[in-house]
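Letters are used for the chains, namely A, B, C and D, taken in the order the chains are written, and counting of residues starts over at 1 for each.
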Amino acid sequence: MCGIVGIVDAGGVSFPLYYALYALQHRGQESAGMSTFDHRPYVHKGKGLVAEVFDESILQELKGTVGIGHVRYPTTGANLPENIQPFNFVFRDQTISLAHNGNLVNTDALRAQYERDGQIFCTSTDSEVIATIIAHEIRTSGSVEDAVATAMRLLRGSYSIVLMLDETLYAFRDPLGIKPLCLGKTKDGHIVASESVAIDALNGTFLRDVRPGELVTITETGVRSTQIAVSDRRAHCMFEYVYFARADSVIDGTLVYDVRRKIGEDLARGGPADADIVAPVPDSGTAYAIGYSTESGTPYLEGLMKNRYMGRTFIMPNQQMRENAVRIKLNPIRKHVEGKSVVLIDDSVVRGTTSRRLIDIVRDAGAKEVHLRVGSPPIVAPCYLGVDFPTRTELIAHKRSTEEVRKQIHADSLYHVPLCKMVDAIGIDIGDLCTACLTGEYPVAVAGEECACRKVEFVNGSVQSHLETE
Amino acid sequence: MCGIVGIVDAGGVSFPLYYALYALQHRGQESAGMSTFDHRPYVHKGKGLVAEVFDESILQELKGTVGIGHVRYPTTGANLPENIQPFNFVFRDQTISLAHNGNLVNTDALRAQYERDGQIFCTSTDSEVIATIIAHEIRTSGSVEDAVATAMRLLRGSYSIVLMLDETLYAFRDPLGIKPLCLGKTKDGHIVASESVAIDALNGTFLRDVRPGELVTITETGVRSTQIAVSDRRAHCMFEYVYFARADSVIDGTLVYDVRRKIGEDLARGGPADADIVAPVPDSGTAYAIGYSTESGTPYLEGLMKNRYMGRTFIMPNQQMRENAVRIKLNPIRKHVEGKSVVLIDDSVVRGTTSRRLIDIVRDAGAKEVHLRVGSPPIVAPCYLGVDFPTRTELIAHKRSTEEVRKQIHADSLYHVPLCKMVDAIGIDIGDLCTACLTGEYPVAVAGEECACRKVEFVNGSVQSHLETE
Amino acid sequence: MCGIVGIVDAGGVSFPLYYALYALQHRGQESAGMSTFDHRPYVHKGKGLVAEVFDESILQELKGTVGIGHVRYPTTGANLPENIQPFNFVFRDQTISLAHNGNLVNTDALRAQYERDGQIFCTSTDSEVIATIIAHEIRTSGSVEDAVATAMRLLRGSYSIVLMLDETLYAFRDPLGIKPLCLGKTKDGHIVASESVAIDALNGTFLRDVRPGELVTITETGVRSTQIAVSDRRAHCMFEYVYFARADSVIDGTLVYDVRRKIGEDLARGGPADADIVAPVPDSGTAYAIGYSTESGTPYLEGLMKNRYMGRTFIMPNQQMRENAVRIKLNPIRKHVEGKSVVLIDDSVVRGTTSRRLIDIVRDAGAKEVHLRVGSPPIVAPCYLGVDFPTRTELIAHKRSTEEVRKQIHADSLYHVPLCKMVDAIGIDIGDLCTACLTGEYPVAVAGEECACRKVEFVNGSVQSHLETE
Amino acid sequence: MCGIVGIVDAGGVSFPLYYALYALQHRGQESAGMSTFDHRPYVHKGKGLVAEVFDESILQELKGTVGIGHVRYPTTGANLPENIQPFNFVFRDQTISLAHNGNLVNTDALRAQYERDGQIFCTSTDSEVIATIIAHEIRTSGSVEDAVATAMRLLRGSYSIVLMLDETLYAFRDPLGIKPLCLGKTKDGHIVASESVAIDALNGTFLRDVRPGELVTITETGVRSTQIAVSDRRAHCMFEYVYFARADSVIDGTLVYDVRRKIGEDLARGGPADADIVAPVPDSGTAYAIGYSTESGTPYLEGLMKNRYMGRTFIMPNQQMRENAVRIKLNPIRKHVEGKSVVLIDDSVVRGTTSRRLIDIVRDAGAKEVHLRVGSPPIVAPCYLGVDFPTRTELIAHKRSTEEVRKQIHADSLYHVPLCKMVDAIGIDIGDLCTACLTGEYPVAVAGEECACRKVEFVNGSVQSHLETE
């Protein structure tokens, strides 16, 4: 998981990129980076939060009216400085800067193919493979549209991409629309970003989502749209709605908060409990709990208080401290739960360890009963498309019944929203969602996995291109 | 405003102090510091958050089974490194380390008196004056009890203090109990801290509040209590309940969250509105809004989403950006407020500028009406006892009617909880609260201000001292 | 100018690399980096001095018994983080790490050729071009020997290179031997480094120089030598002897200090002066001045004292301060020069500005006469092979007589060592030296310049390879 | 050992202080600090080199036309942030900032006396005691002159002090003149500093040394001198000439370089050796070796080359590396010493461990014989007045004959300059020097030591004060 943003604005882009990355910080806290272009590329990137990587003097040096930015989610084993995005490549006398949200499933095959042709790579990332394909095609055809079309033919997986080729900004989204990407209007230009909150941060206007398979080209004169590919069915990641995206984001037409609130209502209907209060696991459980409370009439009351200052650098020198860390992060409000029957609401259960600890904490604080309600169906299969889930065997719901899971996490009762209800709440046809982690059926071919591959048609024989006016 | 903590624990104190300071971080983000003692003092302090000031190797160097810590609130004009607490003093061959939460009103007179006697000071703080008095008295009488008694006779204002004299930890609270201080049991020792959440962070047990005018002496053998002074009436700061303290803290017997929720109910009864939703200003408005919703039946729904990553270092190079900063910090959820009549709940209105901006933001996002409900009465007088309020003329409620304020902040209606209702919610007799900022009547003599001074009797002719057993 | 080092040692290489880079620090202060290999690559690099880039915990994470390191000289316009060496590339499942000292003159042509074949580049460096060529050839032939042979056929310019291909260390030097590279024995392995002082720093034993056109392959089992190419004449950079190398280094069989001392003697013979003292411009002038003093009998006495703490970060906010900086760096010893006739000895005169300032400083301190003696002939042509000289027109000796230069730098007399004498002192036939900056005649073809190209014969039809034993 | 500087200059002082501290960096590398005054005090200090503690933005914030600075020598056991100078004290509404070079021998007694009167101290330094005395007296008499007079009566030991009382700069030196302090003219004001090189760094003019027992008062209108005390004999620290001071400093009328060169000549006369070369231990041995070479005719040739980049942060993780560190710092030039008889010249021998290692290194590099010549007599007694010597038993010359020492350090011969010859070279009557470390006879009363106390007469009954004009 990562967050990406690209901005063209006559008033300069480094500060707007900074604010947009701030708004997308929840999508990645490991590293942050920015490239801008003003006759030559300007690049700054580093480990840590946006606030740690940039300061005012750095932003003032990042000149230009076009730029892209990236925040990176911590993933195991690849915390090399070379992997901090945006990536920058030199090609003839042009510079390509690229930032990527998503994950390819055929990286190795593509790398091998290009290595056979003599290409050597600077990083072990799929993003460099994407840049290589595009650069090769630009060389052959001279057209970015053709290059992106070829890339879309070759790439398998999820990819929302912002790409800066000298002073032109391009953005495109895989034909299945797995990862979000939206377009907005700023004061003197345009912005593309992973979530609409980045547009809000600039006091901009949300225009629309970038369409699956679409390439948008943004210059100072405006936005040009080219539909490169069309798939019969989409595969929007359901986990964006359930956990990743900020509640105040609107993704593919739907307010994330609404989805969660509706699921909460469903949890009340399908998983009623004779409880005294309903309490969220902060912060992601809040909207679910409000829905649950409204529907059930059970009073909404916070039972766990979150410490707002826990960061990456929190020190836990030993196991006992690590156990304790959950307590420091989430402190039970004893008086709210003591002697009570508590409905606790969380967005998802992955390994189950955090759920068990939280339930223990609430029970230790005096709760009579703890009923867990979960805003997503059991997660039973890994994600190859960008969510950093553990392997199948580490997933608590893998080959375990709900009752077995309930016992392991020490809950008095456990209820997951059913898949169909979650889909209803999202408001997108199930055939247009990626629910692979819940069903084991993937929207793209993954070796060794069951697939329900979407059919993609390439339409760039007759490119649909026009200059958008707002 | 600051947070203080003192720990005696046979298992070492630097890591427990670190976790306790984390839990008190909301009481001060400007600087943090820690002193421990193991045959000699160990000190580390610096600007920034607890997480920025300390790392594991630093904590490992802070040896000893006794120590104190401090987090400091940013106050104007005194951001000097010398002012970072704890303060350390050398006196004969003993070291005194002291951390202070509160504010004296007779610092200048006391400084002048001691300077007449030849004392020179290293800092401009009232805390150094306190240490000087105590050191002088220990020199004369050899008894810390006598020294604290003399200090309590001389000092006028608010002071909750932890003091380490070599390997003994002392803690005391002014006779009026203006600032909070509580006592807890840790695994192998004891803790005193500004708020009970610091005890929770160590998985400790809350024992009781330190009594106004009480001195507790903590060593590895246990806790000794000495009542130094008794006042006829207390003066607990009401603003701790309304804004400062964490909602999950229990102060002087009362859960802060409960106070806020009850005030919220009162706001619903006294300030009803024909509204579609009630939305908090996050995070401090949440408990109020839940109470309001419960009492009124108006649905609780978040209308403003807080960016969790805004820190001290957020860059705002110009006025436009500063205006924008509120937007980046609090993003309106358009769909929740569009076309709606919204009750917005905040804890207090000080200058009124933030209230006006938030109301504008909600209205710009499409709200039909915005009704502001406030969890505290109008603030009309400055605080000399530890809250960093602006001067009288900067307070929007100073010499302005509620109607005038309403217009200035662009609200459709404005309602403050009445003083008596707030006091009922706190559950402490009004005579035992400090409500000076609401009434202009101070519990201690302040030059040029109206005072209702508490009468303090010193009982150390017959010291009440005993070894506590738990 | 840069410094490179490669080590294979069974006892671990990160600390030895650190000490070796320390010894080579004079060859580059802008950035430093290190790659090691232990089943996977470990990389750390950053801006600043070796001491600033590395600390103990970083070195402990750089695992493995093979590794390479680099220090980089500040050159204008390319201070991008991407340009910090060593460079790392991924090729099939192998990692290539490469560090380079030297400069190619046909980079653009080679880049263009590879870009035509579809390669895209991550940096704008000639080093990446070198890695690309080698990777391509390894792909085709599977042999590093063949790959290096092809590289030597294609590359035009100076290049001393250490290259790590997984756990094997390779080192090679251009067929003309322009830049130095030597081989040594460490406790449990071998080292190749730009200068012998890096071997000394590990208390190792100097074995020999790497031969021009030779490839050495170092593993834990020993050193294998393959002569790839042989040139009729070499082109050792004379500026290494005159200025770059440390005086205690032995390069291509000659102690640098000796060269400078002998030149100093020649300066005394050819440029006698009726002077009271001979004083070096510290530190590079010292050996010259000692030679001058010995030969002439003029007493050696320091007239300028160097501040040992001047670093990259010295602050000079304005022009006046910049003028002053020379004074802070080099303070005249008034009593040594007052009323005296002073022979000042420097290694070279490039732009002439520093010479003029120093002469002014010595004269302001009371010197009656200041005679400048210079350890190298006038520099009249740019260097394309690794020395960061300015353009022709900025060279003070370009189209100016010695008398004209003397006037401009305010010297009472000026004498350069004649080319033939410098060559004698170096002890290498002039035909085996690169003296292009003194004569304008280059040892490799450079567009628009007069060349006396060396003839290179490739001998890898019959590779001379053997396992060295020590 | 420390370095101090005070500047009054209408053009601002933070940058001049920075350059002056740079020039004094050799007197202390542990920490650096600066105070300036412009209606209120501005302070910045930190651990590390001047270049590490300050940057341009910090210097720009240090406003004012008066200021003082300090660099601190690393001394054992007191590396607390509180001990970084200048110290700042608040006294009534005035601020005192003070920086101190030297060491008191009666600190404990003075502390005890002031503690009896109720003073508590913030640090464990003698500097705070000095400030306390001065503040007390200013309170009583209102006159800084009287305060300094009282201080001089009370203080026993060495002290050169710069003191800023609001916008007035004071500087004084103990009546024995143990530590150096000199006065210079800057462009628009005046400077006092530990050594004349700080004046040179500002392109200022050396005026004169501050006289022992003199107080100088510097304002924008000029310099006022008051002779507070006069001693019958002075006690200038001989170690300043031998080791501490920069060779280009002029102290109490004598150029340090000259002293060392003359001693070198004496070493040649008194300790001749049938040697091939004379080589200094860089850098402090250089001037001695030049003198030795001139007098003896033995060629001066560097045998050990110093690595210019060794800093405080050099990493030595284990004993072997620590042994090796000397090698990395000082590399032998094999060709210069191989088969040769070498005279090695160092300034002093303290513990003897470094001498032994260097002699071993030179011998390992092939020297036939190594003769050590030392620029100071054997050090047999500790220094209580500011030099951080080890205890008596750690001094190699304590109770050991020269022959015994020679054997321990592996020298073929060992010769120290005799005391009388060293004194002649310094050119100051032995009765006016402190040679306690060589003789065990101290110029001030030290408990348990033999003393030849100077007689001090206080002349401030008839203060000699006048405005200096230049």
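One rule holds in what follows: a residue touches a chain if its C-beta (ideal position, glycine included) is under 8 Å from a C-beta of that chain, and two chains touch if they have at least 3 such contacts.
Values in this document were obtained by computation on a predicted structure and should not be read as measured data.
Asks: Which other chains touch chain B while also touching chain D?
Replies: Output, common partners of chain B and chain D: nil, no chain qualifies.
Asks: Among the chains here, which has the CA centroid at the largest distance from chain C's centroid?
Replies: Chain B.
Asks: Quick one: report the Å distance separating chain C from chain D, using the average Cα coordinate of each chain.
Replies: Taking the mean C-alpha position of each chain, the two centres sit 38 Å apart.
Asks: Calculate how many whole Å lie between the centre of chain B and the centre of chain C, each centre taken as the average of the chain's C-alpha atoms.
Replies: 62
Asks: Quick one: report the Å distance separating chain A from chain C, using the average Cα coordinate of each chain.
Replies: So the centroids are 49 Å from each other.
Asks: For chain C, which residues are shared contacts with two or more other chains?
Replies: none
Asks: Between which chains does touch occur?
Replies: Touch list across chains, by label: A-B, A-C, B-D, C-D.
Asks: In their complex, what parts of chain B are in touch with chain A?
Replies: Listed in rising order, the residues of chain B that touch chain A are 15, 18-19, 22-23, 25-26, 49-52, 54-56, 59, 197, 200-203, 246-248, 250, 255, 257-258, 261, 283, 286-287, 290, 293-294, 299-302, 305, 307-311, 313-315, 317, 321, 324, 327-328, 331-333, 335-336.
Asks: What does chain C use to touch chain A in their complex?
Replies: 43, 45, 80-82, 87-92, 96, 112, 114-124, 131-132, 135-136, 139
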